């Protein structure tokens, strides 16, 4: 991205520091989806010719298939996933590839990709948490009357039931899921159209792009849209709390095993 | 609390390690409010005699006034705020003081106090954030057409307006407030009635206590109710994000001052 | 400190944000020791008149006694410990108090106080760790041949001896002490003389001040001397590792108690 | 590793959770070096037949070449780097491969590999820091008399020289290097011989293995040797401080660029 500023290009070390391909390649599906939505909007708004739009859409579709099937050749010198996809698109369809970047900047593109990725991660985590919660409730139901000791500080305290014990975890998982849902709601705004930071003079339709990508709405402020990463931090915070709950559950099983071996040993 | 387990009581060092009065004394108003609600419920449920209830309520009210006015004598040997209040209540009203602890344990009492305190902290923070947000919007409105440079990496980029710039912060503060509100909603369940961990055999009315303290509902599971501290961690996480936004705002003012002095220097 | 820059002085809120007295008052002994060493050096270098030096030394000594005995009146409006001591010194000895600040800035003064405080904290922690290490070695010696089960993942594994088990902790504490010693060595350089950041034109003797305060040498670079806080971070990192070891030791006792109650239950 | 405990082996999900190959494959050179040193010691102590030792050494050497050249086939079902190398060794030399594990456990093997890896990382980081420090000193020397403004809070303060400014960073890097050196010294003890946790009954020579791998000495306590990961945490803490210094250096260049563009703009 910065190569043009230095005669001879950046040093090899600088290339390695800048390269993000190793970790941002996992954004490929989101990057392609974002480009497809942007392209369709540009055509609908008569900013892009329909034939260019068709070439771009077909090219992106082919790139997706190549990456899915493992035949895509990633190049480290195209430092990130976005440049890798752009370079391949230019190979496939020629100069029309460059028109995809009309009314868009790397800033709003990356912000959109990242939001889509986190939203997908939330959905995957939530599906797993929902299954776990259901399993806990089923087991709790089946063992609603199994009496067991409650523990405080690992010492035996008042009796409870195994069902009651498991439902405590169902509550924790429930709060976790509610936190992920709140995070998803705040994350689900579309930064596309913010361009570098100040929007664009092209007559774009931000609602259309947002809707095509499943966002609830376009982000309200362009400066905030390109710089906001709250959604990633909030997701990590919610995941950390969920991790504490799962770790408590796992540790308990380890402790109970140890207790059993001590009792029977 | 543990003194009874050791002949001669714990060592002085152990006392110092256990003592939490220095930081939990700030829970006094919540502790008294919780006890008053619990006491009123015990009377309404005929678990406590009305005359005992009146003595307890009057004693607690006097203790609150003493702490408010700075005349309360805190004793380190009563290691936490709860024991300090209990000891003073016993001085003031005699044996009836002990009956306040009917159908309640230190576990659910501390959990309730802590939730009330965090809820109060959320409300104070939100009131301040709301004021800041309103100030940002007012300033943005007044300077909606002031053109200024947008910056990327501290370099001048496209022009924006000062109003637009300020509205980016209004967005951030808006997300912060929304996070605090979500945290409050999850925190606002009443653990009282969970007792040590397994509830109580007394015919208590958990809905009544919860309502009296402004909780949305009693916590659903007693084991979870006494151990859950998610609300505190979630509050800190939301506060950390808010801190990032405020720090960015402050840093920007420092940088603009430096730039101005460089320009005019 | 900044009051002079604003007509009418800062707002009450700003005062509260700036005030550090609540936590930096614990630096009082270090601040007084630093001022005494600086004052003696100024006199020896003929920068300060001997009679001023004596007045300052006597005044600082009285302030130390007042704070030690709890009779010193701290004033929130003198926002930090340094201003509190300066203001009291001016009350006690008049205009000579101001001359103590010759060839010194708040920057190098605070840096020196903070280093002295951390050095003292290291010495206190190390003394306690040394005692613990000695106790572990004594117990290990006394139980060198007590056979006990070794554990992996809380499951009984190969037999070891209780002495061997305790000596593992003696090793951990030994590493902790070695880390604290390394941190002390790096911390023990004297920033005094760096002034605001660029040193001073007065003919000061930095070696003399450094030696008087028990520092190994004056800091080599003035810009680094006033901004370096590595020593505090390194101390916290070493303390965190020590905390992990102590927590493991404590957790083990809890687990063994639980195991015993399960075995005998 | 645990497969034998469950009829039918662990579930596919459990395999994925257990697999560490994706990140521990970078330990391959350390794992092979550790095995070679262990093997040579076993032969020297007459625990292993010379012909078995030769076969093992040759096999390990071939594996190293295969991994170096990218022809080694990693198998996810051999969940970590250690099992991958063991399995390949068995393919290459047959049953003798199993004898390499005499008087060794996965616990001391992994601990040794990890220490060797962190020691190598320290050496690589230190070489780079040494170069940076030398460059700073050279530049400082060349610009010892260039006068420039010193800054406090980004505002111009007293004049300093550019050489003096750079030497502040040379000091910081010097402290970083000294921290890495201290960490290396503590890390450089050999856990081999601790076996699972309680040592081994075979007549091994721990000094020989330690010396062959460049360790300063064998670790003193077997329980500590297999569980200690202080060295990794201490390395990360030292690296974090170094990161702060480098970030300050980088940020300053960004700020100076911004200031220059403001001055000339």
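Per-chain numbering from 1; labels A, B, C and D assigned in written order.
Just so we're on the same page, a residue touches a chain if its C-beta (ideal position, glycine included) is under 8 Å from a C-beta of that chain, and two chains touch if they have at least 3 such contacts.
Treat the numbers as computed from the prediction; the structure is a model and nothing was measured.
**Q** What chains, if any, are shared contacts of chain B and chain D?
**A** Touching chain B and chain D alike: no chains returned.
**Q** Taking each chain's centre as the mean of its C-alpha atoms, which one ends up farthest from the centre of chain B?
**A** D
**Q** Interface check for copies chain A and chain B. Shared numbers divided by all numbers used: above half gives same, below half gives different; which is it?
**A** Same, since over half the interface numbering is common to both chains.
**Q** So the centre of each chain is just the mean of its C-alpha atoms; given that, what is the distance between chain C and chain D in Å?
**A** It comes to 33 Å between the two C-alpha centres.
**Q** Would you give the residues of chain C that are in contact with at least 2 other chains, written as numbers and ranges?
**A** Residue numbers touching two or more other chains: none in chain C.
**Q** Who touches whom among the chains?
**A** All touching pairs, sorted by chain label, are A-B, A-C, B-D, C-D.
**Q** Which residues, counting only chain A, touch chain B once they are in their complex?
**A** My answer: residues 107, 150, 152, 157-160, 164-165, 167-168, 170-172, 175, 178-179, 182, 186, 196-198, 219-224, 227-228, 230, 233-234, 237, 241.
**Q** Taking the touch rule as given, give the residues of chain C at its contact with chain A in the complex, in rising order.
**A** Touch residues, chain C against chain A: 153-156, 254-255, 257-259, 261-263, 265.
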